[in-house]
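Next up, some structures in structure tokens.
The two complexes that follow have subunit A in common; it is paired with subunit B in the first and with subunit C in the second.
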Partner chain A sequence: MPSKQSLSAAPQSLTFTTSTAFRHRLVQATLTGKPIRITSIRSSSLTPGLRPHEVSFLRLLDALTNGGVFQISETGTTLFYKPGLIGHTPSPNSATSSASKVIKHVISAESSGRGVTYFLEPTCILAPFSKSPFNIIFSGPGCVTSSTEQDYSVDTFRTAILPLYSHFNIIAKLECRIIKRSCSPGGGGEVSLTFGHQIRLPPTLHLRNPGRIKRIRGVCYTVGVSSGNNQRMIHAAREVLNQFINDIYIYSETVGHAPAAENGKRGTPGFGMSLVATSSTDCLYSADWGSSTEVIRTPEEIGRGCALRLVEEILKGGCVQRIGMKTVVSLMMMGSEDVGRVVLGKGVVEEEFVGHLRDWKAFGCGEVLVKEWSGSEGLAGGGMGGMDEGQLISLGVVGKGVGNVGRKVA
Partner chain B sequence: MPSRKRKRDAEPPAAGSTSRDAISAIFQRHFESKFGAVELNPVVAPRKPKPSKSQKPQSSDPESSEDDSTQSDSEEPNLSSDGESVDEEGEGDDWDGLDSNPPQPEVITYDFSRRGPPPSTKPSSHRSFMSSKPPSSITAPTASAYKQKQPEKDDESETLNLQNDLALHRLLRESHLLDQKTLSHSSASNRQKAIESRIQSLGGTPLVKLTNSDSKIPMHIRKGMAKKEAMRVEKKKKVARENGIVVAKEKKKKRERKREGGVGGPSVGKFKRGALVLSKRDVGRMRA
Partner chain C sequence: FKSTSRNKRKGVKELGKLLYDDTLSIVNVAKLWRGETIDEADGEDEEVGGDDDFFKKAKNVDVEDSTTVDRGMPVFDIEALERKWKETEADMEDLRRRFITANLLDEQEKREDGEDDM
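Our next item is the complex of A and B:
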């Protein structure tokens, strides 16, 4: 058959349009090893083409992989990406020192609209399938550790996203350290990420019991403003949460001065809060809110708003919250050829998430079965006692069994 | 707990209301002085006096008539927080049903302003959450709690044993000072001796040295005494050696390196004429 021949001769590239799900499409392409072509990226916009943070992400991807090919058209509206092997190889002349294995990713000031978690999340999805451990330091004038309008904060990433990997037995040598805190815009923060647990194939996941909330923890931070704001935020958040649960503890972090921005200008001060609720079955729900330079928000508003967001997230139910969905599904897709199940709240399924599943299907590994989940009565550990009936769905995901290509088999 | 239940139901609704307010005010003040100001919501929606309900137990049980409003009041705040009392309430409803009256819906408002004890946040939990590692939700604290609990069981008997041991030791050590019949200190001086021996065993200075004229010997005489003592020891050794008697070996005293006087001197070598002079030994040590 001629079509098959052409397939084997030159690997056919998948074609996507527009800039939606940019990061995750690139991650999917890298994981499955399939080249992609993304066209009409903001072609009708006044500022067509790739945004600075997207270009920065491409640079990061280039640093994390070996032998990838990136072709961007002159206007920046078309991108061709042929993925390489995941895993950073240090240059041979400096191979002896361990410092050379650290990738330093400097984020430019233009991309400071997005938080550093924009880069952290997809990096961590790639990391388990890498040949070598990931050691990355994010810095530069565009490195924002606090939450922005579109991204959650690094605290939430560390306390709510990284623990998701423990469901897949990825536990060892994970570290995410905030070296310098910063707020958007302006940045100047510094975050180091160590992901030292590489696996051959993630195990099949069965998450069916959301359990009940047993503890709430949080981090409250001020950068360059009075630390009294921490107390105000915590007070306001506790006013909401104290009536539900006893075990609440919100830690406060104070940074005296915001890191200096470019040209020696003063950095942006700010504050914010990140809350994480843990259920009896180790499911996590998190919320995040911070100050903004456009809208004036009092610390009380932030604290109360953050607590309400957390309550909303818990209300949506399920075993995985919204911001953790893509991570979990990506790892399930890469898992062994078996049906893994995860129970989700109906509110978790949004347009973006459905698009993510469709993308997986386009990459040829999207066997997803959605069923109504009839409560968690029959399960040990106590569900909601039928209170969540009709609110949950069970998402069955068939793994592709690709796993880690680059890792040596022991 | 049937008796408690009856008490609750039997509480005279109208009579105790003023005294109850006063008492609850006292309780609130006490609570606020301890834990800070609290907004008190009405715990239980005002119940209608149910004549058939309140009269019956009074007639059947004489004990319940004694029960005053104070006691029932002191129980009331519990209602909001613990589940047991809610159960009680439910049971009460059942009991009401026996009365063949249509059961009145009873509205219970949970008062959330009062909480249980604050969560125990150990420094270890702070370390585990605020470290750069993702916080492991795998229940580590329970393991430690279990470990702590295990020895607690025989902890009491263990301490008792230790105490007895100590007493026995003391008795044996001081037995020569005790009266044989009564097993108590025969005289005041003996008691003092016993106390002094205890002090000495703990590393204290003997009383003789503190008070006697021994402590006031002039330095040069003391030096002479020490010299003489050393000479005597030397002589003894010599005699022993000559006669072939084996004597216990003396412990070698570790010689401390003499530092050049003063603070801030070099830790190695000597400072001479504005230059650090290193001996061969010093260099060798540094190389090693």
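Our next item is the complex of A and C:
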């Protein structure tokens, strides 16, 4: 549940409870510069307190900001965070070498249950508002590049989340590369992220035409298993998708051996697929599925399942799909004080989305305006990309105009 | 009678209010929006089994945790998707219209027909 302001103890800090939306609350706090206190983090759980991946995220946040304060209670169930300025300053001793500008984030084996996109997504929301460019290399025994039960794969991040920033004219020097692939659990992967486009204020977004799907791209990968699995996944996915459109390319990547685990053991082998559909107006829909060590699935199941997930996401419609919502809303909230609009499918409104909007309100960024969307608003007939009027809503977001505090005004 | 009115699928106008209605949990907002029923008896049920007081606490441990997972990937019910794919022919038509390969003339006619009906 979101939050009441605790007026008595510390007038400036906001209080939240539980580990819900942990990453994004920290990001929101950092962007708005407001200290927060999160209490009762898994306080009634058998393993109370912060999980390893959450602590790892705090470490990353510490590396990305200057002068932040983190206080974790002894049981780990309470966290106080006072944000610093966004921007990594290399230590003065090593300022001469360019290598010092790269942040190396090593993820421990305990947090290998989560994919590396757990860190990538919030990091990139902070990046445009940084003082200096972000160059980060994620590695370590907990670095999982494939999709997990809870996180999408780095391929999806690269092809479906990073391009969202182009809606805000953030286009230069963005790069996310997978240096070493790995599957969960086990990790040992390596991902480099470069985010070199810093801005002062994101422009107001008007995203109103979802358009029609013009192409589908995808990546399927095998790590430490036969590359024939790639063909099987692609075949199954195409069985579903071929009837809709011809322009489908699914690239396949084969990695001979999974990166070795710590103590020299063999890493986890696996395979998976990531699909991205692009519309005529550059709206993106993506889907992701990978093998898991808990449930045994054939490559055909993965390929077909991934295609069905993509179809489901396309059916939900709108200009922004579910996994991109937090990024888009966050950037809109930080924008100039004007009403931005984005058209969404009704199916996008889910628990996490509602929670995210409430959190923004708690941070003093106001409420969003929801309207029924009718395509007549400035668009010619058929502008809704083949969706019925009743399936879309229009979300109006008034920017807070906080923008980039650290960046010098030109 | 309040609960019956709450079970109805909410319109867009109401969504604006629902989103920031602090008396509703985020899970319930999403459920109402999808047109599902919400169990308002949540709190009352607890009171019924007085004898089980001792065992009650542990029951909530997992429930609370599962609702607060900070997920990246949305949840899909793959079996439901498979069923939906097999069963609905009309859905396929909806879907086909979302691609540039759709026949725009047909759609325009359909839309004009629709407007005539109104």
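The definition used in the following text is that the second predicted complex is superposed on the first by the 388 of 410 C-alpha atoms of A that agree within 3 Å, B and C clash if a C-alpha of one lies under 4 Å from a C-alpha of the other, contacts with A are read in each partner's own complex, and residues count from 1 in each chain.
Throughout what follows, a contact is a pair of C-beta atoms (placed from the backbone, for glycine too) under 8 Å apart; a residue touches a chain by one contact, two chains touch by 3 or more.
Computed from a predicted model, the values in this text were never measured in an experiment.
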When subunit B and subunit C are modelled together on subunit A, clash or fit: fit
Superposed model, subunit A: greater residue contact from subunit B or subunit C: C
First, second, both or neither for A:354, with subunit B first and subunit C second: second
First, second, both or neither for A:206, with subunit B first and subunit C second: neither
Subunit B versus subunit C as contact partner of A:166, first or second or both or neither: first
Touching partner for A:18 - first (subunit B), second (subunit C), both, neither: second
Which superposed partner A:369 touches (first subunit B, second subunit C, both, neither): second
Subunit B versus subunit C as contact partner of A:217, first or second or both or neither: first
Subunit C versus subunit B - closest C-alpha approach in the superposed model, Å: 7
Footprint overlap on subunit A, where subunit B in one structure and subunit C in the other make contact: 246
Of subunit A, residues touching subunit C in the complex: 1-2, 18-24, 42, 44-46, 114-115, 117-118, 121, 147-152, 212-214, 240, 244-246, 280, 288, 305, 308-309, 311-312, 314-315, 317, 322-323, 346, 349-355, 357-358, 361, 367-372, 381-382, 385-388, 393
Subunit B contact footprint on subunit A (complex, rising order): 158-159, 162-163, 165-166, 171, 174-178, 192, 215, 217, 219, 242-243, 246-249, 251, 278, 282, 284
Subunit C residues touching subunit A - in the complex, by the definition given at the top: 11-13, 15-16, 18-20, 22, 25-27, 29-30, 33, 57, 60-61, 64-65, 67-74, 76, 78, 81-82, 84-85, 91, 94-102, 104, 107-108, 111
List of subunit B residues in touch with subunit A within their complex: 112, 115-119, 121, 125-126, 129-130, 132-138
